[in-house]
Amino acid sequence: MHNKEVGRRNVLAGGLAAMATTAVAAPAFADETAVAATTAATVDEKLKGYTYPLSARGEANLAAAPPWHYAGDVVGVEFWTSAAAAAASLPTGLDPDPASSGHGYALFIDWQFSGDNEEYLDPVRSQYGEFLVLLDAVWQGTPVAWCPFIYVDNDSALARGWVQGFPKKMGAIRQTRAFAVNSQAAPVVGAGGKFAASMSAAGHRLAEATVTLEKTSATLPALGRPIVNLRHFPRLSLGQYDNPAVHELTMSILDNPQVANTWIGSGGLTFLPAPGEELAALAPERTGAGFRGSLSYTVTDLRILN
Amino acid sequence: MHNKEVGRRNVLAGGLAAMATTAVAAPAFADETAVAATTAATVDEKLKGYTYPLSARGEANLAAAPPWHYAGDVVGVEFWTSAAAAAASLPTGLDPDPASSGHGYALFIDWQFSGDNEEYLDPVRSQYGEFLVLLDAVWQGTPVAWCPFIYVDNDSALARGWVQGFPKKMGAIRQTRAFAVNSQAAPVVGAGGKFAASMSAAGHRLAEATVTLEKTSATLPALGRPIVNLRHFPRLSLGQYDNPAVHELTMSILDNPQVANTWIGSGGLTFLPAPGEELAALAPERTGAGFRGSLSYTVTDLRILN
Amino acid sequence: MHNKEVGRRNVLAGGLAAMATTAVAAPAFADETAVAATTAATVDEKLKGYTYPLSARGEANLAAAPPWHYAGDVVGVEFWTSAAAAAASLPTGLDPDPASSGHGYALFIDWQFSGDNEEYLDPVRSQYGEFLVLLDAVWQGTPVAWCPFIYVDNDSALARGWVQGFPKKMGAIRQTRAFAVNSQAAPVVGAGGKFAASMSAAGHRLAEATVTLEKTSATLPALGRPIVNLRHFPRLSLGQYDNPAVHELTMSILDNPQVANTWIGSGGLTFLPAPGEELAALAPERTGAGFRGSLSYTVTDLRILN
Amino acid sequence: MHNKEVGRRNVLAGGLAAMATTAVAAPAFADETAVAATTAATVDEKLKGYTYPLSARGEANLAAAPPWHYAGDVVGVEFWTSAAAAAASLPTGLDPDPASSGHGYALFIDWQFSGDNEEYLDPVRSQYGEFLVLLDAVWQGTPVAWCPFIYVDNDSALARGWVQGFPKKMGAIRQTRAFAVNSQAAPVVGAGGKFAASMSAAGHRLAEATVTLEKTSATLPALGRPIVNLRHFPRLSLGQYDNPAVHELTMSILDNPQVANTWIGSGGLTFLPAPGEELAALAPERTGAGFRGSLSYTVTDLRILN
């Protein structure tokens, strides 16, 4: 029963495009997850925990097992990179979307995380900034969003991300904030309000965005497609470097997605080159909508595609 | 005329206690500033800027001259430390307040700064966390708030603070955030909503607070007294270590103070000892109100008391 | 066969205890590894790279495939925790060492990393601080060192560590440094020289050590046993949280280990409690040798134990 | 009299160019300093300490009064910027050096600080990275070195710097390190050894250098002139923004300067533009010597020039 409910969320699978400020009823998707759950094996291990480090009490791990609840403010810009650059960024198993070649989004998100035990009351561990790129792609005929690059400033967020297949690196991410009080130090959340955001890693500025709000929107112009990641964990044994222990396409499942206070308008976006980085290979040729709003969802599951 | 207007703000001087969500008309305070302004000298200097570093174009300085606009979210807790500890923290020129011995506030603030040119669009430089303690004191019969310790995570904020007399050190400050969207990852801004905050410096946790909201409040239960600082800049020449170049009590002047979305309730507060720190000498013996809200003001002036 | 050979290299490998200041002649290197290489499977993947993120050019990954060369300065303290605490920290497959129950080392290391292309010329990415604990244990009758907790301040180091099975979290690690020049600001590398080290994570101080040098040593009193880790990568699919995709004991293989400038003496060590941490469960009951020196090795392989 | 003596020490002081690897006999130390000390005024202040924050016990201040002992490793590059850019960076009171117009040095230093009480045993507070530029200039006919820009990653270092007149901002500074052990992860301190260094601030890379060693040197090809700074502390009172409370040229006095293990060779240097920075206005037109070595000195005094 429970699993069936979970299954029902699936099509939603990251589909925030149609989300208004109230929860969305999602159509049925798949029954496989229920089957998987009943047949699950359990490893024989004295130590407790979900991610590194496993430990005697199971309290030291960077990330405990789900549920993982998220609330955040997003500043984002729609953009088009070259079709060739977008295609080159896709893993085996994904194809360019012929209908929207090179189209994608750059998102800067100020997140707050929690499990079921008010973990948001430890803001040092629960808060983080995130920058990610989503590019239109197709998986076996289904329009999806591929995440080639993503940065966070928190190791617990990095650990949860890796488990989901998000290829997170550490970076410094900031976005302009709005406040409940009027001030010349903050933009209005309204027509003409300006927000900016930036991301740096290893001391190099890699991305900068500006957004000017024009009008409210019932939806968030991104996350309209399920996010597909490449879950990957390499082997280190000699001769096995190219034979990873884990290498599988995944589809994110987002429970109870909600958005609020969403505004759209125009946006500017720049990606800057740096050694050891390939984000600038996806440099925008033009931008579309800029937007700013709040979103929330819960993660309890992941669909493995291959 | 202009100076007279400034003078009018003065009594306000940090008096947010009576501030509702709209701007407050402040009574007249003093005429001295006008006199001072008219007689101001100007240093003969080719380089431009306000704080370090002065430079050819005047763009490299950590802080440009005012106006300095601020908007922030505050999580705070009222507390009482021992009368002896509070008295020991006061500089020459301030006396304990016999009516509220040991009474004070601990404030954690997520700030956004701007000058007059949309500097909030550079969030890396304009945003910062701040933790400060304010203790009741009396200056020449006037009830004031003395700031013995304050920490920020941004060097521009540190530079502006030093000029005001705020004795800022660098620290890591975080507070629970609220979002426009419902989520198990965030508290409600409403009855029962829980917020936490912490401050660490040099890898030591120094302060932790929790607040549970109960009801709205038209005012912010802190900043009800003008803040008095000890502006100080030492000499390094041999024999002059105890003869600072600048050493004067100051009173902060806050223009156009506003608060919004203010809630009060109960609070918990802990100060922790560490080498090279004296915050724990002010450890709370009991706490009073906890509160959370937004505030804004502008700084353009400083009153020198002695 | 392969394992036997690897094991031989490995005994050396983890065996820095017997390493003097010159290079060590390594025993015969197995030919079986070549065999392994030729028979290794290769995943079908267009994207290039070794760890996250795989990318079009293969330059964005946090860690490229080995060789991984390391040079570092270590400040370390030998200690004994309670036998019960040490036993509780062991994973399934490892047993307490009856000959040295509760015995271990705390190591603080300032590392510099490089691949084969002078990556040490990018110090932002190649340098990092590390803190780790090693505890005596036994694997199938073989004395080994188990690493329950390890912290670094660099995401590339975290990525390489996870692949090896090191359960790395992010922390802030610092150790006193020595300089080629005499100064009251630095200890002598000689009798009476004092070094200190500390580690903090999430704003909490977790470990502090002091070492006073007494005499030179041809060996480094730690790393005398091969390090055994628990390589682990969880599943996120519903019902699979306790069925990790990767969960295997590993034995580290260190090529060409060298030490230099090694001094030993006495040491002090403290582990401090914090929420979300279990290091303090291994609090020292007493300490043994303190030491300080330099070490280097290369990693190209990992032995999987089960 | 006093100044004359100080000046004598000072010529030595800033004069590391002639320093060999052993201590330097310092010229007679003026007795007048004792006189100065006895006649020095002392502020009437209950609180204790030297810099912010003054406090009841005097332990919380960012920087205690001297002596300030320093030991460091420096990676540096000699360069020439345009004569016009160098001249534009000079404060009133300094003139371009007609003999070496545009000539200067970029220095990256890994410092360790201590007072007289083994403060180097708190490496979190005592260690820091520093980047600075020194440009040839003339003060009243005396060749001096002017420091237009300097960055550190430690607030105690920033506080000490401001008192000396160094216009420090916060940045992230790293340099390649050498180790006592051979490794492909580290350069040799010898002919052909390569070192690199970088500085970033506010997430922007601002400076990058590379040095290739060729031969030993008895001296350090920088710090050959006394450093002149502009000590500056502004006023905030309305109408006084351009009338700083402290604004004076100073000459650094370095006691007991020593260098060791100094190598010179060739160097490369790049300054990169960013908003809010003017370092790139001093971009190198060509470079001269690259060098790497260790240095130490003590600071107890500062000469005020005007």
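We call the chains A, B, C and D, going by the order they appear; numbering starts again at 1 in every chain.
In this text, contacts are C-beta pairs under 8 Å (C-beta built on N, C-alpha and C of every residue); 3 or more make two chains touch, one makes a residue touch a chain.
Owing to the predicted nature of the structure, the values given are computational and were not obtained by experimental measurement.
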| item | value |
| --- | --- |
| Chain pair with the higher count of C-beta pairs in contact (B-D, A-B) | B-D |
| Interchain centroid distance [CA atoms averaged], chain A/chain D, Å | 44 |
| Gap in Å, rounded to a whole number, between the CA centres of chain B and chain A | 36 |
| Centroid distance [mean C-alpha coordinates] between chain D and chain B, Å | 32 |
| Residues within chain B bordering two or more other chains | 122, 124, 172, 198, 200, 203 |
| Pairwise touch network: line, ring, star, complete, or other | complete |
| In the complex with chain B, residue positions of chain D that touch it | 33, 36-47, 50-57, 59-60, 62, 65-66, 85, 88-92, 122, 124-125, 148-150, 155, 158, 162-164, 167-170, 202-203, 230, 232-247, 275-279, 281, 299-304 |
| Chain B residues touching chain C - in the complex, by the definition given at the top | 172, 198, 200, 203-205, 274 |
| Contacting residues of chain C [partner chain D, same complex] | 21, 23, 67, 69-73, 110, 112-114, 116, 118, 120-124, 126-127, 172, 174-177, 179-187, 194-198, 200, 210, 258-261, 293-296, 298 |
